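What follows is chain A paired twice: with chain B in the first complex and chain C in the second.
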Partner chain A sequence: MLGSILSQYARTLSVFAAFLLIVLVEVLGIREAIYPSLEAVFNWMNQSSWLGIIGTTYGSVYATVEAVHLLSMAVLGGTVLATDLRLLGILFKDIPSETLVTGTHKCFKWALLMAILTGIFCAAGVANKVYFMEVFWIKMLVLLVGSCFMLFIKQPFLTSRPHVEIDPWMMRLLAIASILTWFTVAATGRWIGFS
Partner chain B sequence: MINELLLQFGQWMEAQQYSQMLVAGYFSYSWLEATHVLTLMVSIGSLFIIDFRMLGWVMPNVPASTIAARLHKPMIIGFVIMFITGLLLVYAKPVETIQSLWFRIKMILLLLAFINAWIFNNRLKGAEGNWDNDPVAPRPLRTGAIISLVLWCGVVTLGRYIPYDWVDCTNTTNTTILWAAGCVDQLNAL
Partner chain C sequence: MNDSSKWDDKTIAVVSTSAILLGALLYYWVGQGQSTVELLELAYGSFKFFNNPLVF
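Showing the complex of A and B:
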């Protein structure tokens, strides 16, 4: 009985467990306890790691990697928009939504991987600054939530059954959540640049 | 001659009240820049999906012309917003931007990208046969897609270089760079 419930609602329970974990980390003061010790890691990233050294020494390399980061985000945005506008029934109405969901996912994963790798390099170059920025931590949290949402909830759910069997409002909500999440990731990234 | 004219035009714009207001208001400039960069996800994101389809990297089972036609509108909306915000960014810091080597190369690449897009569109309309359902587009369209990807990567990269001051008028004495960047005062002083 319990096993059947667990397997049937595995994703829902995982999301609930992750949410509970975040609440506990905050309520039990774990975040506050960990945060000061991370400063040394960020200083090491900036001053001693080869990523940080290259980033702070060669401005042109840093700017080029920033550009690749932007391009990766552009590709990621393109795939998210194409899929989610279809789920919202705005674009590609003549193409089955299943085709778009599966057809853009590989490209999305590559773009996300590139954005994360180049993002690590960019963060290493200014690690001693971003550590103190609230917006940086918001971006990291939203990025983590967005990636888990896409890879473990949205995509498995949309590929698990024909879309005619899914409530259209569920698909719309998934699309809106996805657009808002990735817009927040991009906007907070831009805000880091201003801070 | 052209550099002097461009500099005068830049100085005229810089003297405008609205130009000064844009750059003085920290948030107005930041919002403009943020909108310019974030619209990348709509404009270049859509464009790259079209190019990737031509190369057979995404949705090879969907007709290429359908992808191009459906993404055309969001792509154009994105480019219009980018173009307007880009103009306003230049208007906010006209002299600095006009005398940026990276900005000048970016404009050349932008022009080439638009010419390529025009040729690409004509080729797409004129492409014969039933290649539309093929996973990969015919060679001329693939070539156009690759050129488009290279040019837009260049545009974004150079746009990213503009805030950096490596080859600003005050940071170089190389006459070729000074001429190419339009550093009139520095060239006259040499």
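Showing the complex of A and C:
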């Protein structure tokens, strides 16, 4: 009986386990306990790792990688907006939403990969600064949750059935949550840049 | 389409995750808005949309 429920609702249970884990990490003070020990890692990233040394020594290299990071985020945001605004029935009404959802996903995955790789370099260059910024940690959390949401929840759901079978309000909730998630990633990213 | 297939694992996961994400992010941004207003009130005495100290 329990095994059947676990296998039948594995995705839902994983979601609740993940959110429960986030709440427990915060409530039990695990985050506060780990945070001070991370300062040494961030200082090493900035002052001793080759990423940090290149980033802090060659401004032109840092600027070039940051430009690729911003372009990746722009492509990522473009795929998210194109898909979600189509799901909301605002844009690209002449294109079937199933076509757009499958068509943009490959582009989204490559853009996400490039954004993460270039983001690690950018963070290493200013690691001793971003460590103390609350907004940096908010961005990392939302990026992680948003990526998992996109790859393991939203995309499998949207490709599992014809979209006419999905409740329109469910579709709106999904699209608005997705837009707000990636808006937060972009906005907190710019916030880090201006802090 | 029957009700049992409508609320399957993927559907429950997508609805619950979307609702939690939306609630958490709205809570975060409303909180940021409130703290910005409080900061502006502390700095200039009152909140104005164009709260530039050079504009009276």
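The definition used in the following text is that the second predicted complex is superposed on the first by the 195 of 195 C-alpha atoms of A that agree within 3 Å, B and C clash if a C-alpha of one lies under 4 Å from a C-alpha of the other, contacts with A are read in each partner's own complex, and residues count from 1 in each chain.
Rule of thumb we're sticking to: a contact is a pair of C-beta atoms (placed from the backbone, for glycine too) under 8 Å apart; a residue touches a chain by one contact, two chains touch by 3 or more.
Note that the structure is predicted; figures quoted are calculated from it, not measured.
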Chain C versus chain B on the shared chain A, clash or fit after superposition: fit
First, second, both or neither for A:Y9, with chain B first and chain C second: second
Which of chain B and chain C A:T83 touches, first, second, both or neither: neither
Partner chain in contact with A:N46 - chain B first, chain C second, else both or neither: neither
Which of chain B and chain C A:T184 touches, first, second, both or neither: second
Which superposed partner A:S160 touches (first chain B, second chain C, both, neither): second
Chain A as apex of chain B and chain C, Cα-centre angle in degrees (nearest 10): 90
Which of chain B and chain C A:I176 touches, first, second, both or neither: second
Which of chain B and chain C A:T118 touches, first, second, both or neither: neither
Nearest-approach distance, in Å, of chain C Cα atoms to those of chain B in the combined model: 6
Set intersection of chain A contacts, chain C complex versus chain B complex: none
Footprint of chain B on chain A - complex, ascending: 59-60, 63-64, 66-67, 70-71, 73-82, 85, 91-92, 94-95, 99-100, 103-104, 106-107, 182-183, 186-187, 190-191, 194
Footprint of chain A on chain B - complex, ascending: 30, 33-34, 37-38, 40-42, 44-49, 52, 57-62, 66, 70-71, 74, 153, 156-157, 159-161, 164, 166
Touch list for chain A against partner chain C, complex: 8-12, 14-16, 19, 138, 142, 145-146, 149, 153-154, 156-157, 160, 165, 167, 170, 173-174, 176-178, 180-181, 184
Interfacial residue positions of chain C with respect to chain A in the complex: 1, 6, 9-22, 25-26, 28-29
